[in-house]
Amino acid sequence: MTRFLRRLDPAPLLLSLPAGLILGLFLLLPLLATALLSFRSYSLYTGIEPVLELGNYLEIFGDGYFLEIFLRTARIAALATLLTILIGAPEAIILMRMRAPWRGLFLLVALGPLLISVVSRTLGWALLLGSTGVVNTALMAAGLIAEPIRFMYTEWGVTVALAHVLLPFMIISVMTVLQRLDPQVENASHALGAGGVTTFRRVILPQLLPGIFAGSIIVFAMAASAFATPQIIGGRRLKVVATLIYDEYLFSLNWPLGAALALLLFAIVIVVAVGFNRLAESRFARMYG
Amino acid sequence: MKSIAALMASAGLASLSALPALAETIYIAGNGGSQEALLKSEIFPAFTEATGTEIVYSAGNSAAVLARLLAQQDNQQTDIAMMNTGPMSQAIELGLCRDLDISEHEANIHDFAKFDSGKAVGFGVVGLGIAYNTEAFEENGWPVPTSWTALEDDTFKGKMVFQPLNNTNGLLALIKIAEIKGGGVDNMDPGFEAMEASIAENVLSFEPSSARLAEMYQNGEVDISVWSSTQVKVLAEKGFPITLSYPEEGAMIISNDVCAVTTEAMKPEAVEFINFLISPEIQEVLSRNLGFGPTNKLAELTEAEAEGVPYGPEAVDKLQNVDWDVVNREREAWDRRWVREIER
Amino acid sequence: MSRRNGPWALIFHTLFVVFMLAPILVVCVIAFTPEGYLSMPTDGLSLRWFRALWNNPDFVSSFRVSLALGAASASAAAAVSIPAAIAITRCDFPGRGAFLALCMSPLMVPSIVLGVAFLRFFSQIGLSGTLVGLTLSHVILIVPYVLRTIMNSLGSLDAALNNASASLGAARWHTFRRITLPLILPGVASGWILAFITSFDEVTMTIFLAAPETTTLPVRLMLYIEDSIDPLVAAVSTVLIVMALAVMILIDRLFGLDRILTGAPDRDGKP
Amino acid sequence: MTGEDNAAAALLSISGLTKRYGSTTVVDGLALDVAEGEFVSLLGPSGCGKTTTLQMIGGFVRPDGGRIRLGGRDLIATPTSKRGLGMVFQSYALFPHMTAAANVAYGLEVRRTPRGEIAGRVARALDLVGLSAYGDRYPRRMSGGQQQRVALARALVIEPRVLLLDEPLSNLDANLREEMQTELRRIQHRTGTTTVLVTHDQSEAMALSDRIVVMRGGRIEQADTPERVYGRPGNRFVAQFLGKTNLFAARIADGRVSLGDTGWQAPAGAPDGPVTLAVRPEKVRLSQTGLPGRVGERTFQGGRWLVEMDTAHGLVLMETPNYGPPPPREGETVRIGWQDGDLHLLFEGAPA
């Protein structure tokens, strides 16, 4: 025993202690407490009762209301992910093909918004696309539309704003892969007789897939749990899981139900991320093993 | 601001300002928007100048205020809560408010502003009806909404806001609709049915924030909503073509109430502030700026100022009240039903 | 990619730039409206909303809270992450993988889940609404970012440097102070900045935790927007955007923005 | 316009080829004809324009002037994908997401070769480079040499009219490189594919090529068979770039070249003035009557010795096979000489 202890280097233990303590105490403990809370019951006049039951989960699964919100959240997240792929992947390629100083400049345009508060960026969309926003006013002034296009409080509105907010992550993810690519590979394809379209489809795209996959996992997870953007654009008319949790916690005060919703959201995000990851690994492992 | 300080001095509040300045801070939770703006720009500075007490205000609608009080119950950080009667009676029932000494003004306070428990007091009443954009109605040749049933008219599809059930405006309107359809607080089914069948279809957004609703009017996103006299007055005074129709089936009354919150260290300054708030002078300030019907009999308004304001017991009596005990008992169930069936 | 962008690519790129910038620019333009409501300034620009902002004690104090919170949590996160990063990259100890997973796990937990978890936890241990509680929650949120940047810069250090220092007779602490720390300092600095920005902009978790006096700027803005969207929020956002731009330029000068954001190990993209 | 006739005979004909980047001219009016089946190397230091030339032939860089013709067809107007050239890249540029066989098959698939035919041709191509057993391997799991072979098979399977090799062996270690040189030569002989190789490695160029084109500053310095380029370098640059060489500053006067007290008959028509004499180290021999020199550093290189000698005309390098008696020791004074035929005259100023 003493020999074992003598052989055990205390340094790593001491070095990892501060971070370990903080994360253990202030991350794991609150999450465990939240898990416990989700099995409590609640009513306005009795408050949170110290029982352990599945009531909240039964309520969530048994109620079409919650199901609809979960489905809507998934739909919005999936569409936002698709949008970021359709916009982000080509743009990443275009950025990589640029020369100095344009590349640096437009990299700033593409990635810089990450440093700007989500609230500000979403506010921009509200100002731009509200029914008296810049776009609607311009379109109506031009006589192209008679009625303002509905954007606020719609799924499309939330989806587009989310895609805008999360695009940088997709671009980063695809660019990271692009940076590792051998530029000659594209030339090789041309030299072998393939045109631009074939080269893109058969050579560039397959190599980008791991980046697109990784980006999709990040974007989907963040879109599914996004709060600020759906709250501002969707309002109360278009609830997603995150805004529902917010309402349960801060308006209805049903913390146990809110906790159950939060844990379900967490679980879904994890399952989708891990599932996607597995899929990606099995698909790309041979290539990069 | 100066004038209020002068008024206070003359209103016998000199005794307050004579107290040793403790530079205590009190925390108030109440509605945002125009009420918050007025409190912060005029009333708080006057009180601070007079007493040395600093005030921190956090805004939220009544439901949010109640939620915050409950959430912080073990470690209460709010000294004063301002809410509508519904949430206020809930707060009292939940023991969130402590006994309130308003003996200074008690004799002059209208009965409708007093609580049986004596734990809260009204500081302004407003009427609830149907607000509409007069210009838009004229342009489109829409009929003036004289009945609550106008909300069911699909002419207004996508042009209407109905405030959600955790907002007193929405709650009272739903009760009224249930009543018209043959129900009432004891039978809300007709109300929910009408809501689901026709009204919800017309609704652009269940917007709880009245400030946000005011903007939606200004943006032209919305032309009709259930709204209160004070909110309409604030917007109309900005020159916006809006008016409030009191439907023929009767308009509803909403009372803005205030209570001193049960805290570990009960600050006397909290009670002082509440008394300050219901003093005639401040009551007049509230009426002039927000269109609150004064709850202090000594508050005097000119005829022009009283325009659209429920001023005096006669005007208030015309407005219909609800049995808050019943409402509060049922409210949780209604809320559930609301979010599931209507606001989804 | 040696090929050039064709005309279609440039059209796509132009649309992309418009898409990315339009919402940001519209905020900045509307902030200068002389009107009392949201409108594009048509006759002249006005600073009235910036004056209103400057005179708004709530936003000003929230700005201070955000600055203090960002600096405190970024520094604390760096303080715990440096030793942790050294332990992970330089030592082989049982549970190393699990420890790394623990440190990175906040990335996996949605902010809203963290928010509700801390809300109850802090109210139970009496930290609710306090700056200490907020700082703790932000440290947890940003540790992964700081740890990753520091680990990257430790990873690019030649491990032989340590051995060289030891062979010259330096104790571990001395080696750390004279060799390792100076060399990873740029990494620590960039991690700190990234953490500060993340903390400064955090809204989803903080909205559950902030008390009136500890309301951060984004939370204040969010709550304000819930109530009303007027030129004042555009002015606040404009200030935030300009600050972000300044930080961006600073980072770009110091480290290269793409390097910080994409985690690319070198400016010219060589791995 | 005399080149026009030659171009007709050549398979690949380049004339006046020019490429500028900003104010730098990278390739400057280059003219070169490559005959069918010929193996030509472009050799030169980095920055000499050899890679740019190859990239212009391949279609990855657009020339600013000149023409490139393949069998009489204008290549510059033809997009890369229609040029029908095979190219092996310095980095191999294998498609990482495809197996070796799929990489080789790619060019055939793009050409819409019938499926049944593809399999056979891929198998033959892999067999040609000795990788029959590796068809289903992904590039990441192959060694550098194997990747190199896949790249070669991929370029050859489309039966290109010209094969372009861009420093194909530079990423391989020394042993493997020699092995691959032999292999490349063997394959080229077997397929008879016209080949243009770019390299900065003189021994590689000499080992592989039918003809070496030495380039500098975007221009051709000399183009000839390896033996002649090495044995009769046209100028000092070529002499020094290909292998080691001894240079002496001499003079021509009255039809005689003189270096110290020694003299030779100058070639007919040689102008009077300074001239550089060049002699390869392996042509330098110990002699009874030659130039006296003091032995300096001796370096043993296994198969041969390199001996430095200090003489009246500067440092002279002698290379002698490791055969027979060892070379003189350091500090000894000896005499060295060479046959007159091994001495070359380079007419361009004094040696540096």
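A few comments on the model shown:
Note that the chains take the letters A, B, C and D in the order they are written out, and that residue 1 is the start of every chain.
Just so it is clear, a residue touches a chain if its C-beta (ideal position, glycine included) is under 8 Å from a C-beta of that chain, and two chains touch if they have at least 3 such contacts.
Source: prediction; values computed, not measured.
If subunit A is disregarded, contact among the remaining chains splits them into the following groups: B, C | D.
Set against one another, A-D and A-C show the most C-beta pairs in contact at A-C. Look at the CA centroids: the one farthest from the centroid of subunit A belongs to D.
Centroids of subunit C and subunit D (each the mean of its C-alpha atoms) stand 55 Å apart.
If each chain is reduced to the centroid of its CA atoms, subunit A and subunit C end up 17 Å from each other.
The distance from the centre of subunit B to the centre of subunit D, each centre being the mean of the chain's C-alpha atoms, comes to 91 Å. Touching of two or more other chains is recorded for residues 130, 132, 184, 187, 250 of subunit A.
Multi-chain contact residues of subunit C (touching two or more other chains) are listed as 2, 38, 119, 226, 229.
Residues of subunit B found to touch two or more other chains are 71, 219.
All chain pairs that count as touching, in label order, are A-B, A-C, A-D, B-C. Taken in their complex, subunit C has these residues touching subunit B: 36-38, 119, 123, 126, 128-129, 211-213, 215, 223, 226-230. Taken in their complex, subunit C has these residues touching subunit A: 1-5, 9-10, 12-13, 16-17, 19-27, 30, 38, 40, 79-81, 83-84, 86-88, 91-93, 96, 99, 102-103, 105-106, 108-114, 116-121, 124, 136-137, 139-140, 143, 147, 172, 197, 200-201, 203-204, 207-208, 217-218, 221-222, 225-226, 229, 233-234, 236-237, 240-241, 244-245, 247-248, 252, 257-258, 261-264, 269, 271.
Residues 43-45, 47, 63-65, 68-69, 130-132, 148, 150, 152-153, 235-237, 239, 247, 250-253 of subunit A are the ones touching subunit B in the complex. Chain contact summary for the complex, subunit B toward subunit C: residues 27, 32-33, 56-60, 71-72, 74-75, 77, 209, 211-212, 214-215, 218-219, 238. Every residue of subunit A that touches subunit D in the complex is listed here, in rising order: 182, 184-185, 187-195, 198, 202-203, 206-207, 209, 286-289.
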